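Here come two complexes built around subunit A, the first alongside subunit B, the second alongside subunit C.
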Partner chain A sequence: MVRFFYYHVIYVGMMNIMVLVPSMLISHRFNGAVSAMPIAIVSGTLFACVTSFCFQRFPGMGLPELYKRFLPRWLGIALNLLGAFAWATGGIIVLYSYSNTIGLFFNPETSPYINLAIMSAACIWAASRCSRSVQFTQEMLLILSSPVIFWIMFKAILSPWLDWDAIRVVAGRITEPPSVVPFFAATFVFSGYLNVTLFNRLTERGHRYKHLWIIPVFCSFFLLVSFFVPIGFHGTQAVGNYLYLWSVTMDCLIMKYGFIQRVLYLFLLLYTLLSLLFVMNTWHTAMEFVKACTRRYPPRPEQPEVPRINWYICTVFAVCTFGYAYMMNDLRNQMVSELWLIGRYFIELLLLLLVILFACLERKGVRRRPDPRPPTKNANGVPGP
Partner chain B sequence: MLKEVKNKLGNPDDLISETMDNGYTKMEFCFFPGMCDINQVKNGILVPFSYRFDPDEFRRMLRADLAFIHADKPDEWASMLLKGCALLEYEGEVFAFGAVRRMQTKPDPTEVEASLQGPQSAYTEDLDLNLNLVRTVYNSTTLSVEWHQKDNIASQSRIMILYDREKANRDTVKEVRTQLDKVGKNLILGAGQLAKLMSHNRHRLFPVILLTERPDRTVMHLNKGKIVVMLDGSRFALLMPVRFFDFLSAMDDYYEPFWMSRFLIVLRYISMLLTLTLPALYISIVSYNPEVFRVQLAFSIDGSRAAVPYPSFIEVLIMLFMIEALIEASIRLPRFVGSTAATVGGLILGQAAQQAGLVSSIMIIVTSVVAISNFVIPNSTFSYFIRIIKYVFVAVSIFSGLIGVVVTLFMLIVYLCNMRSFGEPYFALFMNAKKHAGKDQTKPQKAG
Partner chain C sequence: MKRAGIRLLLLASFSWSLLPLGGCQLKDIDKRFFVVSAGFDVADNPAKPYRVTLRLALTSSKLEAGASHTQVETMDAASVAEAVRHLKANVDKELEFGHCREFVFGREMLEQKGFQEVMEWLARRRDIQGVSNVMIGDPDASSILETKPLSERYPGNALFLTFGNEGTEASDTVTEYLFDLYRREYETGLDPVLPVVRSVQHAYQINRVALLDKEKIRLILSPEETQIYNMTANDIRKSVLAMPTAEGRLVMAVTKVRSRVSVADGGIPKVVLHVRATGFLEQSPPRLLERDWDGLERKLGRYFSEKTVELLEKIRDQNIDPYGFGLHYLANHYGRPSTWEKWKELYPRVKFEVRTDVKIQGTGLIR
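For the complex of A and B:
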């Protein structure tokens, strides 16, 4: 089941566009963004590999179960809530900025709240499903949409309008000392591995995170594409003028023979699916973290009948999104998402340290509570052969 | 005996009951001539009793012949008669003679799931013949056949559960049995009805049980470890648990050359997507986002709508109503009138409606694509469900355009992924490939 892990890695790599990573990078394009990127690649790969490697020791357990196993209860609850907050805000930011993008490019006359309402209804519904269903959805949608997204990316890279000189000029700034904010932003591309914190629950005993080389290869590709392609299309200076950077970049491409001429629309429709996927995953994870704070809801990854609490928690997230939309505008949203990206880096760091600590404790055999898992249980929920 | 039986059955006029006397001894004898095969009754009972009578031989025949069952419980007499036995009382003992009249002696031709190169025989309405068809193709010692008895069913239809002992999942078999037990209805007339009653949730948008009339499909699923339920009096078997993809596969996919079958499968999925989303896309393109299409196309669509006086969704609803009515009419009508309906409908849908300015010519193309694509789906139950879900997309697109359609597509996928058919995932990729590859290697099949 290792493929599910990489689905998350890949789609988060593609999603970086929607949490405004490229615009943060590009605003620092002359002072340290380029040199921050190799460091981010190394750091992101290291984080991803070490964390998932440590999780290998705990098959069938998510992060809340690890807290329960090694930490005092109050600390576990605090960390769970911190995680839930970080995940849920990520979903809220994406939902808000995407519904804004949609409002701008598709339905400029309708109220932005209507777009938000439709999308958040879909997200409530999707996020409240059980973990296994969420994974199936993930797989299906990614397999449906990623070929076209890759096609668009390669179309952009191979486009004759892409100005390689501008790219070379900006790439030449690699000698500048790296700056911090682009570094934090760039590490987001590698954050897909964070799904192990929850979806590790679905792994079986003896499960290994193989083929970890996929993470640096794909994510570096996404990072480079999302930084350099807009520069190539708009030039070194003009690229700084846009807020919806990638939407405008995609509008530079046309399909000569299709029903749809402007690639922008295809791109936006596909990213609707990806954004919904992102919000589904983040809210679902946040919901499970919140549920793990009480003893009433033991982890049940396979549960097609949706318990009522799932609906309540996801509805709270949706209400928060509306509150957020009421308070925000595009510029403030950009600031908040910068803050979120920075905060996320520290949470990842904390997670890394915690997981290393847990792995060491496990090796020494120190644990607060005995193993709660039944002796043989595999991810399918059916007895093994 | 005769008195008791008559009392129990309310003395029906179609029951033949006689006390027969051949000069040496007497025998009480009754049967329903409509339910029994008269030739069997004559050769099995009447001839040995009358002009070939030998008391010893007759007694020996009653004891030894497999067709005679000793029926010493008076409660069962009436139900035995109703199932097509003849009852006789000889020397104080009661015997039932099985002489059920078989209406069918050979398999039906396939009607619903036609195939070009595959076997042409389909199930009949006779359970024993159906079992014969399955056993002939799936000639395996591991095939389990269980008779599921239900006491509270008035129609007393026999229900059989078939599965491969080594391949089927025990939990799933148990689940199927409990679902069958839960069926509360006391009159089961068809396999479709049983499937509806067995599904966990009546309001599902997709079927979780596959109905088939083809023995080869049944056997293929048995070999995959699926469970089959068969009902007497129905020419369809129920297969479970099934997945979304099973509904879009025709048996010809297994008989045709590789690339041809792949091509047809892709064609089916594209058709399904078209029939689901095309009317909704039409509404959203015309009413919300004409700029999505290239300019020439947008203009020609708008130009064709020049004579149409109302918004696009009304146009779509009119045309969809007409095509649904036409399909429904041509299914229910007798064959002779059916072609007339199709002609009349075709005329209206084809030219007149467009020339009258009621609908645009592009809408006529959309409608016919929707209808034709819907016919491509090989399973009729599934294509009904797709027909219904189309309207969900239409409804959403009326209010929120293109984005609504994409969001609804997302929700549909979430819905499918959250479905389970008898505990197994309904819409998940790559679930079975590895497991079955392993199994095929361990058990090589011998030819002949």
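For the complex of A and C:
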């Protein structure tokens, strides 16, 4: 079942466009974005591989269960809430930027709140399912959308209007010392592995995260594409003038014999799917983290009936999204997502350290509470195969 | 049972309440005017210097050549955006730019004011496509928009079929897209180019290209030069390579062109343009090729190289760089800012070398 892990890795790699990673990188294109990228590739790969490797020692357990096992209760709750906050805000930012982009290009005459309402209704519904359904939804949507996304990417890369000289000019700035903000932004592309914190609950004994080489290969490709393709289409200078960078870049492509000649619309539709996936995953994870703070809701990743608390928590996230949309504009949103990207990096770092610590404690046999799982059964109490 | 009923009622009332939301803010297609091309000129009035001309499609169910009907509206204002807003008072339906793919800049405007302010408006509008065609109207944009081509089936399609090999594949029509113009407006070492459209009788003639600095027209090439530019800069196929010989004119139909630029460093950089052209003879004095096949290929190549060097020097003397030699040089030197300063200083003295490799595949059906 390791494929579910890589679905997350790959879709987060493609999602970076919606959390404004390219525009942050491009605003530093002449002072240190290029040299920050190789460092980000190394750091992102390292984080991803080490964290998922350590999680292998705890099959069937998510991060909240690890907290319960090794940490005092108050610390576990604090860390759970921190995680929930980070995830939920990520979803909120994406939902807002997405409904903004849709409002701008699809239907500027409707109120932005209507877009937001429809989108967040879908997100509430998707995120409040159980973890297993979320994962199946993920598989279906990704399989539907990724062939066309790859097709668009290669269409862009092979386009005769892509100016390789401009790309080489910017790539030549690798000699500048790396700067910090683009580094944090670029590591986001590798953050897909973070799904292990929750979806590790669904793994069985003897589970291995095989084929970890997929992470550096695919994510580096996505990083390079999302940075260099806009530069190739808009040149080294004009690329800095655009706000909706990737939407405008996709508008440079044309499908002569397609029923919609602007590739932009196809691209936006595909990113609707990806944004919904992202919000579904982040809200679902945040919801589970919040639920893990109390003793009333033991982890049940394969629960067919939806408990009411799921609806309530996701509705709170949706209400927060409306509050956020009310306070934000394009520039403030850019600033907040910048802050979010930076904060996320430190949370990842904290997670890495904690997980290494847990793995060491496990090896030594130090734990606060005994293993809740019976020896031949899964975490949810269903007998194993 | 009762709770399920309440839930159902709630759900139903919620979904019904969504229905009118879609209706009230969307205008139907029969209440919209589709703009098919837009033109920008200068007006004489100093308080209202911009003249915007829009060609609006009048939809009809007939579909045959010459059956397209359009309406042309003009408005002067202090800026393009205001002109478009005021123009709405002249028409009965809402203007819709989503299908507008032709933007014509008046030649006079490009000679006096430049295109930058109009570009600001075009780049800012979300409904204007990045892949729109941009061009210069000679002598002005409104005369191009008022032309009614006889062959037009849909309103406005005659003009966009001529670009980008969609309909005709003319070798002296340069295609320029809006996003590319915007890139060239700001790029270091790459300057804007625009095709020049003239209206002749009931058709458009697009066989010249204007080369611009960052604002205004510097040079308009002749049709022959335009073809050379198009072959060397855009690798355009289906062009001709003609050369006078002692026995008559020799014309090669080019089926494939590949060009590549390299910049040799030195005290003064030398730009080397490698061109490879493949084709067959379309017109030639009889039995000329079989006497000296290789020699003829070399001669054609040399002739084309000379012509191209002449053109490149003419362009260089205007201190413009539509080919992007500067950008290429910059790319070779890791994009250092000092290199750009150096290139700007050296460009007027740059030397050119064109190496043309002609390959004749055959002579057609006769010797």
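Methods note: the second predicted complex is superposed on the first by the 376 of 385 C-alpha atoms of A that agree within 3 Å, B and C clash if a C-alpha of one lies under 4 Å from a C-alpha of the other, contacts with A are read in each partner's own complex, and residues count from 1 in each chain.
Following the convention adopted for this analysis, a residue touches a chain if its C-beta (ideal position, glycine included) is under 8 Å from a C-beta of that chain, and two chains touch if they have at least 3 such contacts.
These numbers were taken from a predicted model, which means no experiment stands behind them.
In the overlay built on the shared chain, the residue A:L273 is in contact with subunit B alone; subunit C does not reach it.
By the touch criterion stated above, A:P304 is placed in contact with subunit B alone, subunit C being left untouched.
Of the two partner chains placed around the shared chain by superposition, subunit C is the only one that A:G235 touches, whereas subunit B remains out of contact. Judged by the touch definition given at the top, the superposed model places A:W125 against subunit B, while subunit C stays out of reach. In the superposition on chain A, no contact is made by A:K155 with either subunit B or subunit C. In the superposition on chain A, A:I102 contacts subunit B only, with no contact to subunit C.
Of the two partner chains, subunit B is the only one touched by A:M140; subunit C is not. In the superposition on chain A, contact is made by A:I114 with both subunit B and subunit C.
Residue overlap on subunit A between its contacts with subunit B in one complex and with subunit C in the other: 107, 110, 114, 118, 261-262.
Those residues of subunit C that touch subunit A in the shared complex are 18, 21-22, 25-27, 123, 126, 129-131, 166, 177, 179-180, 182-188, 190, 324, 327-328, 330-336.
Per the touch definition, subunit A reaches subunit C in the complex via residues 104-105, 107-111, 114, 118, 161, 163-166, 168-170, 172-175, 233-238, 241, 248, 251-254, 256, 261-262, 264. Residue ranges on subunit A touching subunit B, taken from their complex, read 3, 102, 106-107, 110, 114-115, 118-119, 122, 125-126, 129-130, 132-134, 136-137, 139-141, 143, 258-262, 265, 269, 272-273, 276-277, 280, 304, 306, 381-383.
Residues 169, 171, 288-289, 292-295, 297, 400-404, 406-407, 409-411, 413-414, 416-420, 423, 425, 427-430 of subunit B are the ones touching subunit A in the complex.
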